[in-house]
Amino acid sequence: MAAETRRMATRDAYGEELVEIGRENPDIVVLDADLSGSTKTSLFARVFPERFFNTGIAEANMIGIAAGLAAAGKIPFASTFAVFAPGRVYDQIRMSVAYPALGVKIAATHAGLTVGEDGASHQALEDLALARVLPNLTVIVPADGPETRAAVRAAVAHPGPVYLRLGRAPVPVIYPDGRSFTIGRYDVLKEGRDVALVASGIMVDICLQAALSLAADGVLAAVVNASTLKPLDEETLLAVAARTGAVVTAEEHSVIGGLGGAVAEFLSGTLPVPVVRVGVADRFGRSGRPDELLEAYGLTPRAVADAARKAVSLKRA
Amino acid sequence: MAAETRRMATRDAYGEELVEIGRENPDIVVLDADLSGSTKTSLFARVFPERFFNTGIAEANMIGIAAGLAAAGKIPFASTFAVFAPGRVYDQIRMSVAYPALGVKIAATHAGLTVGEDGASHQALEDLALARVLPNLTVIVPADGPETRAAVRAAVAHPGPVYLRLGRAPVPVIYPDGRSFTIGRYDVLKEGRDVALVASGIMVDICLQAALSLAADGVLAAVVNASTLKPLDEETLLAVAARTGAVVTAEEHSVIGGLGGAVAEFLSGTLPVPVVRVGVADRFGRSGRPDELLEAYGLTPRAVADAARKAVSLKRA
Amino acid sequence: MSGTTSLTGPRAGPEELRQVAARVRRHIIGMIGLAGSGHPGGSLSAADLLTALYFRVLRLNPADPAWPERDRFVLSKGHAAPALYAVLAERGFFPVEELRGLRRLGSILQGHPDMKSTPGVEASTGSLGQGLSFGVGLAAAAKLDRAAWRVYVMLGDGELQEGQVWEAAMSAVHFKLDNLTAIVDCNGLQIDGPVEEVMSISPLVDKWRAFGWNVLSIDGHDMVQILDALETADRQPGRPTVILARTVKGRGVGFMENRAEWHGKAPSGEQLEEALRALGASGGPESPGTAGAAPGGPGPGRDGRSGTRKGKGGGRG
Amino acid sequence: MSGTTSLTGPRAGPEELRQVAARVRRHIIGMIGLAGSGHPGGSLSAADLLTALYFRVLRLNPADPAWPERDRFVLSKGHAAPALYAVLAERGFFPVEELRGLRRLGSILQGHPDMKSTPGVEASTGSLGQGLSFGVGLAAAAKLDRAAWRVYVMLGDGELQEGQVWEAAMSAVHFKLDNLTAIVDCNGLQIDGPVEEVMSISPLVDKWRAFGWNVLSIDGHDMVQILDALETADRQPGRPTVILARTVKGRGVGFMENRAEWHGKAPSGEQLEEALRALGASGGPESPGTAGAAPGGPGPGRDGRSGTRKGKGGGRG
């Protein structure tokens, strides 16, 4: 991508936006489990110490406390790494949050391979599969900083529980500041007639790059930012699938159960077009630089373009 | 189904088989978290008290202990309800079992709606989505007692970790005693040319019934017992999908992320035929009699037959 | 039964409470008998404690279950739902006839407490070990709002094996939640047998002290001691109090007392009749004609409540 | 450095151990500096304890990392991996040059310990709170086999906030695992600040006592006290021992000592040089030419080992 692209980590946008909504809404409370410097909830903690709860290294307790706070009318944002919530606290989210549909907002940072050197234990590649299967839980994967800020506001406005997936590494800014965001509504960033690249998170930008290189080969790819994993924007998905007849999904996540799973499930039951999934091929992560890992695990414009060609060939089959 | 059908709960078969393999193999150890009477590990505990570890109500610790035992050469079976493992202990399975690929066998009972009156907190409808997304984990859903016994043996023979999903309620016996079982190999119980019913667990029998009623309407349905959710039997799936051109999946689980998700993901990327998923429509369970619940949530021969007709109509679309 | 207004007011004396508790026990047995499943043992052991809470201690308004100033009670040991439902019905949150619906499809009374289904239920529970965290969140919210309401959480003794309980215990002290009282139903049994044999939790007083709590040890069937302890707990500044209540599992029904096998089994036929006889006469949900809910109405649970509480809000460490 | 055989044998005295520990510290700083990320603070605080374990206490055979009779060490606080890698390299499990690969793509040294990648690593960790459970499983296996090997688990003080640690602590006593020693690196800091401020764990001696453990409190940088405590722990019959080792986070590098911000940050440029200077001379992985691993070989960790141990196997409560 162009060298002059502005970059920002979605976790930074989250931390900053929390302070702003904290000013506007006294019911906002924030929880963390000894990672406030990394999740950026430390910004909120500094301004609103009495509305910040650090549970120490006790994620399960954090979720339960957040649920209790929500039951008493607060709007809690609970943060830790995406590998620990939902993974460490799935049953707590299920029982104390999702089942009673309490308005806890779980903002999990450090999702995906771009965590980098910490390795497998810290690289959440399965969190979307866990979050997506929980009834009542809204699942949002913002693509950049401005979208993150808007998603935080949408999460506050939404009465139910929300899972917000955020990243550690700076990513290119795609949207202008002040982007508006509607839960469950997708943005078609680029039109195309041969194949639709449906992406979330860091893969949105990578799909935009892939679309460029595909265009050079005469393949016109649409690019969709599927920033709400649940509920799906079925209307937009159907429309691009009908228009192109072939879909590629791309996510910084296992190819199992996440965006690829959601799109394959939906389309195969309504409009069975080829869906080729780009993601981590059912393996654990490992240590390395983020860029090296994206390359090693096939989360690159080239891999997306290859998948697009495969999807196109499948529709001809 | 016929009144004279023999019925047996898969958890009973599990408990009995544990004792038999316990006799043959001194490395077999069994763990439970205060549910040994329900999971039927109490049978093993009675015969081999020194090889049985009850951790009390501490599922996370149970998984960690099992991992340590496996690292020291034992073959641990760890049991609790399917709502607690993997749900309560996902991160523990991930870090201590799946990542190092230690040979822990998690045998989770009381899966699905047929738990009945205990209600949502005890009805695991998402466990397969969690288990399936973990690298290195083999996921088995036996359809009846004899298959459960064979699966337990296959799990012992398999060096890596295994998740075995078992039920509380007695289910019709489909297979003869002494059934052989190969991980990742499906059984085509009935051939058919119009649609393939791909099912697991209690839904295998229900699909057999659905096939009968479909046949009466002139729709010839194949029935496949997809008793390994991971790895998929891609060969058999491709074959039946190619032969019939339309697939229905049926499972006692959310329509998200389980068997339906696995089949939709696989086929949409290889042979995009319609896949209509029968399962629980992204809702929590509730209290009621098992039969009432299956009816209320649409896990019936009629619902499968309707889905089959929908799948057939989609291929014509 | 003779629900009179005085029982719901602040001055119900030990003798009146004992009478209510007797009715509560009959409801428990009656509704579990009718449902054909449920958990009598741990419901009966908790009956006196719950009666004291709901008929003397908690400030509640059955006509307005969402009254913001109400005290909150969390039944962390959710399987004792029948005891909770019985006191709620007796206290006027819903008609006593509803008890007949326990565990039935469509009933407001789920097998385990569901705050969305049942008026007066403050937390959804059933997966053990989560309620104290939820209570910490509630209590923290009250502190934030400088509100006078208090939070009570009941746990099982086996439940204390869940690590999350100790996370919550640690945090309640750290957050200086003197508006939180935990009550442990120390009936000495869990599902697989005596707690001390399955997984010893002793020395229990030392554990709670080491986690920084005020500890009170009482006979959980002695109304005078119960009331005394609950009042003492309300007056301890700076830290939460736990009441370790020695109880008898199955209390009141001879053949159930101290018997682990009556943890989760319904009495049927003769057993049911014998149990009801032991509990003295009818009046359970099995004979709704004779039952009458005590009329509801707001009422401070005890004397001098607002006086001793006003100064306490806010300030958390 | 001058790796001599005597250091790997049982008779390494405190002074020799101090020399090894100094090299270990240089390795830690050197490899983290090279990697550009990692956790120096908690690696340095644990360096003396790990040196004592690996160069005096543990029975190991670096030439045969899977030697069945070896003692097992579990680094539950997995982020201190650099300290573990340093002692393993010094002890001869792999060449010291490997330390240069820390956290790099393709290296055997993952950001957090991975038992499948690194010779000598006994457990995969990095998600806190799981290692003691794993150790309980190992120790239980040794008891089952009536084997003489022992299990050592190191935890962080912040890590003790995880409830799973207390589940494991409870079970180790219940299972009478006197072949298990836990060591808590009490450096007083976690990520977000002092443990006492983030989420107090005190009084810590009382907590472990209340959970039934033998408790020893020592200065974790005093080799004589460390050796003494580890030997004492080996001789306590009937129950496990925990060593609460008071340490200084960042110990040995002045500007890192007692500073939370050096929990997980690599020194760079001048800082790196200053740190290495503080630790006295070169010899870290940054100058592999001067490094030489001590030749491996089996060796009982300490005197009279098998004598005192023979009688202990088997028998668990």
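Here the chain labels run A, B, C and D in written order, and each chain numbers its own residues starting at 1.
Methods note: contacts are C-beta pairs under 8 Å (C-beta built on N, C-alpha and C of every residue); 3 or more make two chains touch, one makes a residue touch a chain.
These figures come from a predicted structure and were not determined experimentally.
J.: Could you name all chains that are in contact with subunit A and with subunit C at the same time?
T.: Touching subunit A and subunit C alike, sorted by label: B, D.
J.: Distance-wise, how many Å sit between the C-alpha centres of subunit C and subunit D, to the nearest whole number?
T.: Taking the average C-alpha coordinate of subunit C and of subunit D, the gap between them is 45 Å.
J.: From the mean C-alpha coordinate of subunit A to that of subunit B, what's the distance rounded to whole Å?
T.: The separation of the two C-alpha centroids amounts to 29 Å.
J.: Using mean C-alpha positions as chain centres, tell me how far subunit B is from subunit D in Å, no decimals.
T.: Result: the chain centres lie 41 Å from each other.
J.: Roughly how far is subunit B from subunit C, going centre to centre by Cα mean, in whole Å?
T.: 37
J.: Touching at least two other chains at once: which residues of subunit A meet that condition?
T.: Residues 55-56, 58, 60-61, 83-84, 88, 91, 94-95, 99, 120-121.
J.: Note the residues in subunit C that touch 2 or more other chains, in rising order.
T.: In subunit C, residues 114, 124-127, 161-164, 167, 170-171, 174, 199 touch at least two other chains, as defined above.
J.: Chain adjacency by touch: line, ring, star, complete or other shape?
T.: Per interface graph, the chains form a complete graph.
J.: Please name which positions on subunit A make contact with subunit B in the complex.
T.: 83-84, 86-88, 90-91, 94-95, 98-99, 120-121, 126, 129-130, 132-136, 254-257, 260-262, 264-265, 267-270, 272-277, 282-284, 314-315
J.: For the complex, which residues does subunit D have touching subunit C?
T.: For subunit D paired with subunit C, touching residues are 161-167, 170-171, 173-174, 199-201, 203, 206-207, 209-212.
J.: Across the complex, what residues on subunit A touch subunit C?
T.: 29, 50-51, 53, 55-56, 58, 60-61, 63-74, 76, 91-92, 94-96, 99-101
J.: Name, in rising order, each residue of subunit B that touches subunit C in their complex.
T.: Per the touch definition, subunit B meets subunit C at residues 32, 34-38, 42, 54-58, 60-61, 83-84, 88, 116-122, 286-289, 292-293, 296.
J.: Subunit B touches which residues of subunit D in the complex?
T.: Residue positions touching the partner: 68, 72, 114-116, 122-127, 130-142, 144-145, 163-164, 167-168, 170-171, 174-175, 316.
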